[in-house]
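One chain, chain A, appears in both complexes that follow, with chain B as partner in the first and chain C in the second.
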Partner chain A sequence: MTAPAPTPAIDPPLPAGRRPLLEVVDLHVRFDTAAGSAQAVRGVSFTVDEGETIGIVGESGCGKSATILSLPRLLPPSIATISGGSVRFDGTDLLHANERTLHSVRGGEIGVIFQDPLSSLNPVLRMRRQLTEGPRQHLGLTKSKAAERALELLTAVGIPDPQRRLRQYPSEYSGGMRQRAMIAMALASEPRLLLADEPTTALDVTVQAQILALVRRLRVERGLSVVWVTHDLGIIAGLADRVLVMYAGTIVEQADVRTIYHQPHHPYTQALLDSIPRVDVRRRSALPSIPGAPPSLIDPPLGCPFTARCAHRMERCDHERPALRVIGEGHTSACFLDITPKKSS
Partner chain B sequence: MSLLQYVVRRFLLAIPTIIGLSIVTFVLANYLPGDPLVRLLGERGAANPKIVATYTKRWGLDKSGPERYFVYMRNLVHGDLGRSTTTQRAVAKDLFDFFPATIELALAAIVVAAVGGVAAGMLAARFKSRWPDAGVRLLALLGSGVPVFWLGLLALEVFYLRLHWVPGPEGRLSSSTHVPPHTTGMYTFDALVHGQWATLWDALRHLILPAFVLGAYFLGLIARMVRASLLEIGGANYLVAARARGMSERRIMLVHALPNALIPVITVLGLAVGGLLAGAVLTETVFAWPGIGRYAVDTAKGLDYQAVLGVTILIGVIYVVSNVIVDVLYATLDPRIRIGR
Partner chain C sequence: MTDELLQLEKLCVRFPVRRGVLQRTVGWVHAVDGLDLSIAAGETVALVGESGCGKSTTALAAMGIVPAASGRVLVNGKDLTSSRGDELRTARRRMQMVFQDPTSSLNSRMTVGQIVVEPLIVHELVERDRQRERVGELLSTVGLGDDAIERFPHEFSGGQRQRIAIARALAAEPDVLICDEAIASLDVSVRAQVINLLTRLQSELGLSYLFISHDLAAVRHLAHRVMVMYLGKMMELTDNETLYSSPAHPYTKALLSAVPIPDPDLELARERVILAGDVPSPVSPPSGCVFRTRCPIAQDVCAEAVPEWRNVGGGSAGHWVACHFAEPPSSVTLRGTSIESRQRLG
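Up next is the complex of A and B:
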């Protein structure tokens, strides 16, 4: 087996003296299931700077959730193992951090928004309780000060009548409101990094646009760094500074958002772009429709994982896995193709 | 709907249930074997025409079944449940005297079952498939598999005869201890509010073993349920979300997981009341505990019509009311029930 060399983080050079807020190197995550062990993340490296927004894009099952949820070690240890790599947050090695450090980093430094707001909110606790417990622990606020803060937060994310809303239970909120409340919760303890795992997938287009506008505003107001995961390249366009394209547990292309849209290199990125519905066509389902499906991660292919679906497939692609290489300024791609393939119509 | 509205509605709905229950009990009691007059008055009374005439008038014995029921209910509302031929006292007075002993025993058993069951279930879930889990499961199996009277005798053998940790089956207090002033009739509570510490201690020593024996079945049941439901919600997204907010595992268990895991347990507590009352009959017999259960056994043996009727209706009312309380608890824990979603 030609195991590809660990992929170093290849990033645009940082301004002198600045270090990235988050630095992920050669991350590996494995899920052990009855069917076998799935290599959900296979050597992912990237950095996030202070105030930067990173988009992670890819079809479902490509390891996006596994990647970001393993950063604050939120995957259940009973089924998921972080089998290699390192995660440094502001100099702290999170993969070897003790419980104490983790408890203060989670929520206090890194906030997380989950995909399904209903199941991520505790059905039997009032929203006030769920919104105040973070600030009370991380910011040392009293009960009443934390309640005041919760009120401000709900107002900030655009939930009307917050006083009443605080007394309610999650089941009394609408879908869009729950997601807003989740954002409020993730930001409650003033984290520096926000991890968002497809937070708008369950929402309709209007609410989705409102949520995106909200996050853009909060990012500017608070100088927040964001990692935004989605399977919809369309969402990322107006939000991210840089985009990572994930496929079968690996990063296949990485560039600033303009380059990804205008000069994509990897055929998978190309295919994703082609599957974005036109703006003028009403979007019924945000699922990209590339023919075929990603390979199983239980026994991932030896060569390039995309060959089976690739329009530019070559002989060597079947038995040799292309490593990420620099193909332009701040632009890396894991494909053997010399030149950017012509955009298929 | 607010919680208060829910509570009021639930109690109003219980009234027809209680009325229905009293009718069924009344009809069934009329099928008790033997001469109704003898059942009511005993052999000697039934031979005395004057007494028979008074009783016939007071209980409408010469009237039809439905009319007799209304007479009975009218007397009941006035606190007259008739006389017990066994104790030769008013049934209402008997119930009033025997009832607190049973309530005390049942409450203690519920506390034992709930606290012990939840703690054991949490322990088992926390150390799943390790020795505390195996131990708890074995104990739970014993608790819910062994009949109450057998468990009672076994417990007496070990903790009284061999270890001398507790007094023998001599009722609620040692013969040398005076009964505390009557406030509720529950000796532990009365001794506590009157500051009679020696009496409190004596009452507790007498209470602990029967309470464990009576509560054992539900302790086991609750332990298994808490374990199962904690394991089931162990991977819930809202627990991951709480973890993502930086909450400690301890807080996640106690504040986030446990209230959700307890929702199914509340139903069991509702069942427990019925089970405990049934179990009380046996437990009270084994431990010579002077409660309703023993009273029911003693009076039933003598076909003591009005005593049996009174006990049955009282137990039925307790059962219905405790079910209402359980429903209210349920609604307190799970807001979705109240909101109706």
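Up next is the complex of A and C:
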């Protein structure tokens, strides 16, 4: 096992007088696999303000899901170890909190939605029971008040005929409905923070559009803070205020959404944006692709993790890992390049 | 029609719905209902639509993997549904398939060499002493080295495995490659590599593609013509440019407006057609137009009459739509459009 590399941790300065709702500092997560110990998250730091939506993008294995699932400590301890860092939610240190505190935060002030709704729905309980449990426990509602609320929530997430649906089991719901029911469940206890781990990846685009519209509305109506993890740069463009780009367990770039899409600094962000086909424009030429594949996290490279695939590679990139540094206002990038090499088309 | 490589004529595929202890057939799911489609040499036709629209079943029926209830599948003018024996085997050789998940479509106990050589042996395409050489050629065509021959699929990344699956398909020297969600499980950066590979193979080998996908952005990049399906029915068919710039069917419009665009300013300014509800059950599809239950412009007539498949004009090879209200695209306005304005907080 190699020791974690020194962690760069520069955050954009917060506006005066505002405390972040969530503060993640130098998070490290390790997965113990048969092939060795994989350093899935290698020093990730970021903050989420009240009412702010953070998008975390990256490809498979970049550590985006491991990061978000570590925040409320939802990764199974048998395979995943949070080996360093701190996570503060509204002043509470979640990594060192006891089970009781965690229990009241999860499903209470923090709602979580996953890619697979079946993993968070109980197949042998009627939906009414599952949707009322949270509000009764976390908000102290009576059974009938909570049932009223469940009805409202199902209506809000666009499930037709909610009265009948409340009496049904998850297996009687379609995939899109289960996803919406899970979102209703996560929102039932009026969370302040919603953690979303690729919740729309398995859904059809028209259902995805419904869910994104719902989340946009809730942000405005309730001032909900959101951390949305996805590989889809299109979703993030229409949802996030600020974007973190992750690669090989680290944040390589962080900026407000317009800057990320219009003036990306890190060569990985640029290459990623260039390599996606778009529905609104047709390219006449070949898609620029990124050669090769991400490095193994069991034995991560000493220098910049992107160097082997980078078009702007320099000699120092091979043996020195670039720290996140300030490029512009609220814009940080982990790359040695001095200037923005080119504007993304 | 000599240049039409693959023709699907009034293709219908249905699956029985069985209930009870005796598993009696109580109904039928019309997975594909009257599909007409032809693919010319060197052409890419994309089949798009959401889950359950029948696009994958169409591919399986074209390959003869699931039987067609009615209709014909013609390969180079030869009817596959009535062919038997050697004739069927030759016709099938000319169509090969690449699946979504290369991990399950490649035998994990066979080496890459064994996987790619199999079609050569089955179809007796090259002499025994030339087989290894040919496998090497095929692997280099898809961008893999000779060293891959002795290795197993699990030693490769997802993108490389998909290249192996493509090499295996090419080994049979096909004219048509049917790609069923072949890029769906790949990561963004690797997806671009495979898309480029498919484009290059088409120009080098003159391949035709039936490209089945739910990814409308990738289809825009790859396809010459696009067919939109919904609940087993054809909704719209036209050339790439016409479909994306002036779609005529309300379903196509909703589908296109639901695909996120990686540009925050465009996303903010966009008009979105948000469809209500889910795709109805294919066991009991709506009467008349199958899309009417979610359609923003549905009228009474839509429940009564099945819309005719008609050419509304425009496009390089016509613009076919199944909608009572489809007009020549320039004059179409969508009612019931919800314009979302996004407010930023903080």
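Note that the second predicted complex is superposed on the first by the 317 of 345 C-alpha atoms of A that agree within 3 Å, B and C clash if a C-alpha of one lies under 4 Å from a C-alpha of the other, contacts with A are read in each partner's own complex, and residues count from 1 in each chain.
In this section, a residue touches a chain if its C-beta (ideal position, glycine included) is under 8 Å from a C-beta of that chain, and two chains touch if they have at least 3 such contacts.
No experiment lies behind these values; they were computed from the predicted model shown.
A.B. asks: Contacts for A:P77 in the overlay, against chain B (first) and chain C (second): which applies, first, second, both or neither?
C.D. replies: neither
A.B. asks: Looking at chain A, does chain B or chain C touch a larger number of its residues?
C.D. replies: C
A.B. asks: Touch check for A:G91: first (chain B), second (chain C), both, or neither?
C.D. replies: neither
A.B. asks: A:G176 in the overlay: touching chain B, chain C, both, or neither? Say first, second, both or neither.
C.D. replies: Once the two structures are laid over each other on A, A:G176 reaches chain C alone.
A.B. asks: State whether A:D232 touches chain B only (first), chain C only (second), both chains, or neither.
C.D. replies: Touch status of A:D232: second partner only.
A.B. asks: With both complexes overlaid on chain A, does A:G140 touch chain B (first), chain C (second), both or neither?
C.D. replies: neither
A.B. asks: Tell me the contact category for A:T206 with respect to chain B and chain C: first, second, both or neither.
C.D. replies: The second partner, chain C, only.
A.B. asks: For A:D49, is the partner it touches chain B (first), chain C (second), both, or none of the two (neither)?
C.D. replies: Only chain C is touched by A:D49; chain B is not.
A.B. asks: Quick check for you: in the superposed arrangement, does A:F114 touch first (chain B), second (chain C), both or neither?
C.D. replies: First partner only, chain B.
A.B. asks: Jot down the residues of chain A that show up as touching in both complexes, chain B in one and chain C in the other.
C.D. replies: none
A.B. asks: In their shared complex, at which residues does chain B touch chain A?
C.D. replies: For this pair, the touching residues of chain B are 235-238, 240-249, 251, 255-256, 259-260, 263, 333-336, 339, 341.
A.B. asks: Name, in rising order, each residue of chain A that touches chain B in their complex.
C.D. replies: Residue list for chain A touching chain B: 72, 74, 76, 78, 99, 102-108, 111-112, 114, 116, 119-125, 129-130, 133-134, 137-138, 169, 171-172, 182, 185-186, 188-189.
A.B. asks: For chain C, which residues are in contact with chain A within the complex?
C.D. replies: 50-51, 157-159, 187-193, 195-196, 199-200, 214-218, 220-222, 240-241, 244, 254-268, 270, 272, 274-279, 294, 340, 342-346
A.B. asks: Which of the residues in chain A come into contact with chain C in the complex?
C.D. replies: 49-52, 59-60, 158, 160, 174-177, 204-210, 212-213, 216, 219-220, 223, 231-238, 241, 257-258, 261, 271-273, 275-280, 282-283, 286-291, 293
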